[in-house]
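Multiple structures are listed underneath, in C-alpha cells.
Same chain, two partners: subunit A is paired with subunit B first, then with subunit C.
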Partner chain A sequence: MKKLSADVVVIGGGATGAGVLRDAALRGYATILLDKADLGQGTTGRYHGLLHSGGRYVVSDPHSATECAEENDIITRIQPHCVERTGGLFIVGPDDDPAYAEKFLPAAQATRVPAEEISVAEALRREPRLNPRMQRAFAVQDASVDGWQMVWGAARDAIAHGASVLTYHRVVDIVTDDRRVTAVKAIDEKTGEDVVIDCRFVLNTGGPWAGQIAHLAGCEGVEVVPGRGIMIAMNHRLVNTVVNRCIYPADGDILVPVHTVSIIGTTDVRAVDPDKLEIPRAEVQQMLDAGEVLVPGFRQARAVHAWAGARPLFNDPKAHASDTRHMTRGMSILRHDERDGVHGIISIIGGKLTTYRLMAERMVDAMCEQLGEDRPCVTATTQIDPATAPTYVVTHRLEEREHERSRRAHSHAELPATCDDDHADLDDQVICECELMTRGMITELMAEQPTANFDDLRRQLRLGMGPCQGGFCSMRATGIAVEEKMVDISRATALMRRFLANRWIGLWPIMYGDQVRQTALDNWIFQGMFDLEHLPSDEKEIV
Partner chain B sequence: MSTPPTGSRVVVVGAGFAGLYAATALDRAGHRVTLVTQGLGGMQLSQGTLDVLGYRATDERGSERVTDSLAAIDELPEEHPYRTIGADAVERGVAEFLELAADAPGAVVMRGDVRRPTLLPTAVGAWRPTAFVPVSMLAGAPEPGKHLHIVGIRQLKDFHPQLIATNLGRTPLDGVGPVESSWSSLDFLARAGEIDSSPVVYARALDEPATLSRFADRLATHVREQALPEGAVLGLPAVLGLERHPEVLSTLERASGVRIFEIVMQPPSVPGMRLNQALTRAYKAGHGRLLLGSSVVGVKSEQSAGGDQRVTAVTVHVAGGDRDIACDHVVFAPGGFESGALELDSHDQLHETALGLPLHGVLPIEELVHGDYWGAPQKLFAVGLRTDGLQRPVDETGAVVYSNLHAAGSILAGAYRWQEKSGEGIALGSARRCIDAIVETSREQTDAPAGVQGVAPREQTDAPAGVQGVAPREQTDAPAGVQGVAPREQKGA
Partner chain C sequence: MAHEHDQLNRMTLDHCVKCTICETQCPVARVTPLFPGPKFVGPQAERFRDGESVDMSIDYCSSCGICTQACPQGVKIAEMNTQARAVMKEEHMPLRDRLISQTTLMGAMMNPVAPLANAALGNGLVRSLVQATFKVAKDAPMPPAQKQTLAQWLRKRKPSTTPVTRGSVVFFSGCAGGYFEVETSKKSIEVLEHLGYEVLVPKQGCCGLAQQSNGLFDGARRSVMALCDDLLSAGELTIVSSSGSCTGMLKHEAHTILGIDDERLAKVGTRIRDISELLVELYDAGEFDPSQFRETNVTVPYHQPCQVKSQGMGMPAKTLMQLIPGVVVEESGQPCCGIAGTYGLKAEKYAIAQEVGRPVFEMIRATNENLATCDTETCRWQIRKGSGVNTIHPIELVHHALGLGTIPGI
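Entry: the complex of A and B
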C-alpha cells in the first residue's frame, strides 16, 4: 500500500478538476488529483470543441452569456496553444423563427457579448458552403478549443506548482472521522496497488460521477443527471468558422471546425449511466438532417467518428425530468458541511468547458472560506502557455513538418547521397500521416507516461484520429512501443487490439458512405494482411 | 497472338484479380475483350499471395485453420460463393492465374498447394495461412529447427522487426514446435534526406544496380555482425525490387550468404504491385483493350427471343462524357465495399453503385453492424450479389437479371474474405466460372443453326466500340440472331 498526504485531494480529472488542481496549487495548497481513467476522458473530451463567445446564451441564459464572453477572453490569453480563433456565425435558417433573431443583437448588447450583423452575402463570402437560403447572419467571437490540450495545460501548470496527478486511480473510499474528511483511498488500476492519501479537504469534480463520489463520503441524494449528447466529426473542415443556428438552443445546432475536422452537435437525452452512453442511429440521422440545414450536401460529406458525452446536470425539481436541456447549466456548488453535516468536502456540478477556470475559482474560494483562509485566486492572470505564443492554427503541424523537412534537405545537401549511417533524424518520421504526428512526439510521451495505453497517447497527440482511424498508424505505434521498451510484446499486441476496438466504438454508429470503404480497407490490413486476430492474446482486459 | 481475335465481344468490368484474370484468359481464348476500370484495381493492395481458404468459422466468434481448403468448401454455408463456384473452378482458376503471372515480363513465380495452406509471417508477427506464395516469400515458411532473423530498415516505418520477431517466437505452431526468431535493424536511405520513404520508393531504388550493390554490401556486413546460428534465414521488408525482383533477391542472398524471404507490409504492397504489373502486362500483350479511368454507369439491354434480358452495351463514363461499348457478354468484377462498388448510403440504404443490381444479405441496419470489434463478423460485409450456376446475378426470387452478365470477385455475397483468407480463391474461381460460361455460350452459338453466322463471322473488322451503334445491323458476327433483332438504343458515336 502506498501512503501519501496532501492538503487537498481533487477527485475527477476533467476540465473542472484540472482547473481546481491548478487553482489550489497556485494558492499554495499541496494538491493531488485522482481520476479513475485518463485526464479529459469523460465529458471534457466528449464534446464539440466550442469555446463559447456567449452568443448561444444571450437570450436563454444571460448570466451564462456574460460569463462565457469574459472567460473566452481569459482562456484565449492564458492558453493560446489550445485555442483557435475561428470566429463564429449565428445564421437564421430558411425556416427558422425570425422572432428569435430579432432579440439576438439587443440581448448580446445587454450581456456584453460582442456581436454584429453581417449581410447574407458577406456570410457566404466567409463560408461559401453555408445554406444560401439563410435569412440573416450575425458574427460573434466563438473559437474552437482542444479540450485535452486545455486540461493537460492546466494540469502541467499545476504540477509545475507542486501538485500531483494520479490518473487511472479509482477512488474506493473517502474516510471520515467524526463527520470530517481525513483521507481518500484509491486503487491504482494499472498496478492494482492500494493508495491512501491523508488530506484536509476533498474537492469533488466528478461531473456526471459526482453523485457516486459524494456518496463515498456519506453525502446522500446528490442526484446528477447525465444529459447524453452525441457529436459527429466530419472528415473535413466543412466550415472554418463556428456556425450556430440562431434559434433557441436545440439539437444539432452547432458546427465547429476543430483541428482537421468539423464537429456537429449535439443531442440532449437523459441517460441512466454515464459509463454506458449509446450513440443511437436515430440521433445520427437527426444530426445529418440538422447538418443539411447549415451546410447543404452535408449527408454526402464523410463522417469519420462519433461519440457521446454526458453533461452533468443537477436535478432541479422545477424542470421536467426527461428534458435535460432545461435543467440548470449554471454550476451548483454543494457545501456538504451545510447540506449533509460532513466537513472537508465540497462538490461542484454543472457548468461548461468554457468557464472551467471560473468554476474552479469559485470552488476553491468556497473551500478557503470554509477553512477560514484568505488566499486569493491568481489563475486568470497567470499564463499557462507563454504569453508570447500565438493562438493555434490548423496548419501548425504542417508548418513544423515542413521546417523539419527543409532542415534535413539542407543538412543532407552537404553529405554524399550514399550516407546511410545518420539516423539522428528518425524522430521526424511521420507516424500518423492524417494528423502529422511524428515518431519523436510519440516516443517523448511514451517516456513520460510509460503506463499509457494508445488512447491515452491519442488524446494528447491525435494518433489515429484522422480519416483512416488508426488503419495505418496503429501497427507503427505498436512497433515503436516495443522498440522503445515501453511495453512487452504481449501488452503491445493487446494495446493494438484494444486501440482498434476502441476506435470502432465511434465508427460503427456512423458506418455509411466513404467510411464503410475505409473500414473495409482497414479490415483488409489488420485481418486480411496481418491476421492480427490470430495472434496470441490473453483474455484479460488491459488498462 | 498475332491473329486478331474473332470471338464474341466481352466487356470486363474491374481490374482486380477477377477482372484482370478473366480479361486475359478470354482474350487468349479468342474473344474480343474490353477491360473497363475506374482505378488500378485491388491487386496491388493485396498481400501478394493467393489465398484459397485459410480459416473456417466454427461459431459466431471463433474460427479454425483449414487443413484441406478444397475439401472444406462443401462444409461452408449454402450462401457462401464457393458453394456456387465449386472446387474444380477454384483449382483451374488458380492454376491458370499462376501461369499467367509466371509468364509475363516482370513475372512472379509462385509455389504452393491449392489444398494445403502454407503459413507465412505477417508484419505484426502472426503466422498467416495462404495457398500460393511468390518465391521471394518461400523461405519464411515454418520448418522444425528453423531460425528466422528479421531485419528492419530504420527509415522504413511500416516494418518493425522486433514486433514481428517476438510475436512469431511466441506463437505456438502445431507439428513444427517453437520457431526461433531474432531481429536487428540497419540504416539505409532510399533517397538522400528522406527518413520515411515508402516501400515503393525502396523497391524502385533497389531496381537500380548501384543502389542494389550498395544495399547488398550493407546487408552483408550487417549479417556478419549478427553472428547468426546455422540454418538461419533472413526476413526482410517486401521492398526487394519492383521490376528486377528475382535479381535483387539472388544478389542479396549471394552477398549475405543466407536465404532471404520478404514480409509484406500494409499498402502500398510491393508484392501486390508486382502481381498487378505482371497480369496487366499479360493482358496488354494480347489484343484486348484497356479503358482506364472509366466508370460503369449503366447498361443497354433488350429482350431476347427467349424472353430473357440481355445486355447489348455497357455505358461507361469517361473523360468527355458517357460512351456505350457494345457487347455479347459482360464479366462484372468491380470489387466490393472497398472499391466503392457496394455502398451503404447515409439513409442506411445499400446499393450496387454501377448497375443497381439486386443485393442479397440485406438486413435492417441494426443487424448489419454491431459494436463488438473482435466479436462476430459484421454482416454488412457479406452483402453482395448472389448468382446462379453460371455466375449470373439473380434477384430475390432467384430469377436471372441479365442472361449474359456474369459476376465475379468481391462483389459476390456471403463471404468474410479477410477473416477466411479466401479473397483470391473466390475471385479466380468465380472468374473461371464466368469464362467457362462465356466460352460455352459462344461455342453453342457458333455451332448452333449455322446459317449466316457460320459463313463469315471472322471477317468482322470490329469498329471501336462507340462506333458500333452507327451500323449495327450490318454486323455479322452476331452470335445466334441476337444482334440482328437488337433495337439499338446506343447513343452511338
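Entry: the complex of A and C
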C-alpha cells in the first residue's frame, strides 16, 4: 500500500477538476488529483468544442451569458494554444421564429456579450455553404477549444506548482473521523495497488459522478442528473466559423469547426447512468436533419464519428424533472458541512466547459472560507501557455510538417532533387495521416506516459480521430510501441484491440455514405490481414 | 477562389479511404522526396487548409492528373491540388511562371526571328543566362522556332481539291500546333480533307492551360472563354484537334478546375474531338475503311500523355495506328513523360521531370531508335530531347499510311 499526504485531494479529472487542481496549487496548497480514468475522459472530452461567446444564453440564461463572455476572454488570453478564434454566427433559419431574433441584440447588449448584425450576403461571403434562405445573421465571438489540451494545460501548470496527478486511480473510500474528512483511499487501476492519501480537504469535481463520490463521504441525496447529448463529427470543416441557430436553445443547433472536423450537436435526454450512454439512431437522424438547416447538403457530407456525453445537471426542484435542457446550467457549490454535517468536503455540480476556471475559483474560494484562510485566486491573470503564443489555427500541423520538410531539405545541402531509395528522407514518419501526427510525437508521449493506452494518447495527440478512425494509424502505433520496447506483444495486441473496439462505439451509429467504405476497408485490414479477434493475448481487459 | 466548384472538388475529399493507390501511381512522388505525394497534399492537407496556404511543397505537384484517374473512390485529387496551389501562388507568383505560361506570345515573338531564336535557344551561354535570370532550366527541351506558322501556311497553300462529302469541321491547332508543331497541324488538316471534310481554321488564341497549371486562374479564364468564342465563330460545328492536352482543357478542365459554367464552354467541350478519337468513331460507325491504308512495317512506341489519359476516352491513337497493316504499337506503360506542360522547364524541377521521363525514354529507345509517337506537343519535345528519338503525333503515321506524305525512316 502506498501512503501519500496532501492538503487537498481533488476527485475527478475533467476540466473542473484540472481547474481546481491548478487553482489550489497556485494558492500554495499541496494538492493531488485523482481520476478513475484519464484526464478529460468524461464529460470534458465528449462535447462539441465550443468556447461560448455567451450568445447562446443571452435570452435564456443572462447570468451565464455574461460569465461566458468574460471567461471566453480570459481563456483565450491564458491558454491561447487550445483556443481557435473562429468567431461565431447566429443565423435565423428560414422557418425560425423572427420574434426570438428581435430579442437577440438587446439581450446581448444587456448581458455584455459582443454581437453585431451582419447582412445575409456578408454571412454567405464568410461561410459560402450556409443556408442561403436564412433570414438574418449576427456575428459573435464564439471560438472553438480543444478540451483535452485545456485540461492538460491546466494540469501541467498545476504540476509545475507542486501538484500531483494520479490518473487511473479509482476512489473507493473517503475516510472521515468525527464527521471530518481525513483521508482518501483509492486503487491504482493499472497496478492494482492500494493508495491512501491523508488530507485536510476533498474537493469533489466528479461531474455526473459527483453524487457517487459524495456518497463515499456519507453525504447522501446529491442528485446529479446526467443529461445525455450526442454529437457527430463530420470529416472536414464544412464551416470555418461556429454556426448557431438563432433560436431559444434547442437540439442540434450548433455546428463547431474544431481542428479538422466540424461537430454538430447536440441532444439533451435524461440518462440513468453516466457510464452507459447510448447513441440512439433517431437522435443521429435528428442531428443530420438539423445540420441540413444550417448547411444544405449536410447529409451528403461524411460523418466520421459519433459520441455521447453526460452533462452534470443539478436536479433543481424548480425545473420539471424530465426537462434536463432547462435545469440550471449554472454551477452549484454544495457545502457538505452545512448540508450534511460532514466537514472538509465540498462538491461542485453543473457549469460549463467555458467557465471551468471560474468554477474552480469559486470552489477554492469556498474551501478557503471554510478553512479560514485568505489566499486570493490568481488563475485569471496567470498565463498557462506562453503569453506571446498566438492562438491555435487549423493550419498548424500542416505548417509544422512543412517546416520539418524544408528544414531537412536544407540540412541535406547535397540532396539531389531526385533520389530513388529513401522517400521518407524528408519526413518524420507520419503515423496518423488523417491528423498529421508523427512518429516523434507518439514516441515522446509514450516515453512520458509509459502506462498510457492508445486512447490516452489519442486524446492528447488526435491519434485515430480522422476519417480512417484508426484503420491505418493503430497498427503503426502498435508496431512502434513494440519496436520501442514500450510494451510486450501481448499488451500491444490488447491495446490495439481495445482502441479499435472503442473507435467502433462511435462508428456504428453513423454507418452510412463514405464512412461505410472506410469501415469496410479497415475491417478487411484487421480481420483479413491480422485476424485481430483471434490474436493471442493474455490481457483480456486492459486499462 | 470561393466558387462553387472549389467546394465541389473539396467535398470529394470525403471519399478518400487512405488506400494510397494515388501515391503508388504518382510519377513525381516516386522520384523525389520534395513532393509529399498526392494523398498528402490532396485529401489530407485540404482538411487543414481553411482557405489558407501554408504548404509550399504542393508546388512540386506537376498537375499531371494521374492521381485523379487512379483514385477508385472518386476523389478529385489533382483538381483540389491545382486549386490549392493557385491560392498558394497568389502571393508568390514568380515572373518566370507568368512568362512561360504565355505560350501564344512566345510563339509569336520567336517565329519572325526563327533562326535567331533557334541560335539563342541552342546557345549554352544564353540558356545559362536565362536560367540564372528567369529560372528556366538551361537544358530544358525547347521547341525549334519555325519559319512558317500554321496561319502563314494556310494563307499560302492551294485550296484542297478533294470533294467535300462529310460537311465542315473546325480545326483547333493549339498554340504549339500554330507556331511550333506546325507539321502536325498541317498533316491533321490534310487527313481531314482527304476524308472529305471541309476544314475551317478560324483565328484562335490560347486555351489557358499553361496559365491554369501555373495558378494564374483569372488569365486562364479569360483565355479559354476567348478561345470558345473563336472556335464557335465558324458556327456550331464539330471541332477537331491534334493538340492532346489543350483538348482536355476544353473538354473538362476549364469546367472542373477553373469552375467555368458557361454555355459557350459547354458547346465547345461537347463538340470537340481528339483527332484519333474522331477517326476511331468513324471506323466504329463503319464510315472509315482501313483498307485504304498502305502497308507500313514498323514497330512504334506510343506514349499516351497524362492529360490525354485524363480525357477518359481510352486509347484511340493506339487503336487507330493498329488499323494500319504492318504497324505494331508498343505502349510506354508509363503515367507521364515528366514535362507536364511547363513543369519540366523550371530550373528547380528540371531534374525531377527528367527522372520522371527516364522510363519513357528508355522504353522508347529500346523499342525503336528512329521513331516514336505521342499526342501532345510539349511531351514530344521532352521525349525527343530525353530519348533522342524522332517523336511524332500518331496522325502523322496515319498521314503516311494514307499516302499523303512520307515519314523518313519507315
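The working rule: the second predicted complex is superposed on the first by the 527 of 543 C-alpha atoms of A that agree within 3 Å, B and C clash if a C-alpha of one lies under 4 Å from a C-alpha of the other, contacts with A are read in each partner's own complex, and residues count from 1 in each chain.
Simple rule for what comes next: a residue touches a chain if its C-beta (ideal position, glycine included) is under 8 Å from a C-beta of that chain, and two chains touch if they have at least 3 such contacts.
Computed from a prediction, not measured in an experiment: that's the story for all the values here.
Shared-chain residue A:409: touches subunit B and subunit C both. When both complexes are overlaid on chain A, the residue A:496 reaches subunit B alone and has no touch with subunit C. Contact with subunit C, but none with subunit B, is seen for A:235 once the two complexes are overlaid on the shared chain.
Within the superposed three-chain model, A:472 lies in touch with subunit B and with subunit C [touch as defined at top]. For subunit A, the partner that touches more of its residues is B, with subunit B and subunit C as the two candidates.
When the shared chain is aligned, subunit C comes close enough to touch A:399, but subunit B does not.
Of the two partner chains placed by the overlay, only subunit B lies in contact with A:531; subunit C stays clear of it. Contacts of A:483 after superposition: subunit B is touched, whereas subunit C is not reached.
When the shared chain is aligned, subunit C comes close enough to touch A:436, but subunit B does not.
Look at A:31: by the touch rule set out above, it reaches neither subunit B nor subunit C. Annotation: subunit A residues 300, 409, 415, 417-420, 422-423, 425-426, 430, 471-472, 513, 517, 521 touch subunit B in one complex and subunit C in the other. Within the complex formed with subunit A, the subunit B residues making contact are 45-47, 55, 122-128, 154-155, 157-160, 162-163, 166-167, 170-172, 187-189, 191-193, 195-196, 214, 218, 264, 266-267, 269, 336-340, 343-348, 365-366, 369-371, 373-374, 378, 380-381, 417-419, 421, 423. Interface residues of subunit A facing subunit B in the complex, by the touch rule stated above, are 281, 285, 288, 299-300, 408-409, 411-413, 415, 417-423, 425-426, 428-431, 439, 471-472, 475-476, 478-480, 482-483, 489-490, 492-493, 496-497, 500-501, 503-505, 508-509, 511-513, 516-517, 519-521, 523-525, 527-536. Remark: subunit C residues 2, 4, 7, 10-11, 13-19, 29-34, 36, 39-40, 44-52, 54-57, 73, 348-349, 351-352, 355 touch subunit A in the complex.
Residues 125, 128-129, 235-237, 240, 260, 300-302, 393-399, 401-402, 405-406, 409, 415-420, 422-427, 430, 433-434, 436, 466-468, 471-472, 513-514, 517-518, 521 of subunit A are the ones touching subunit C in the complex.
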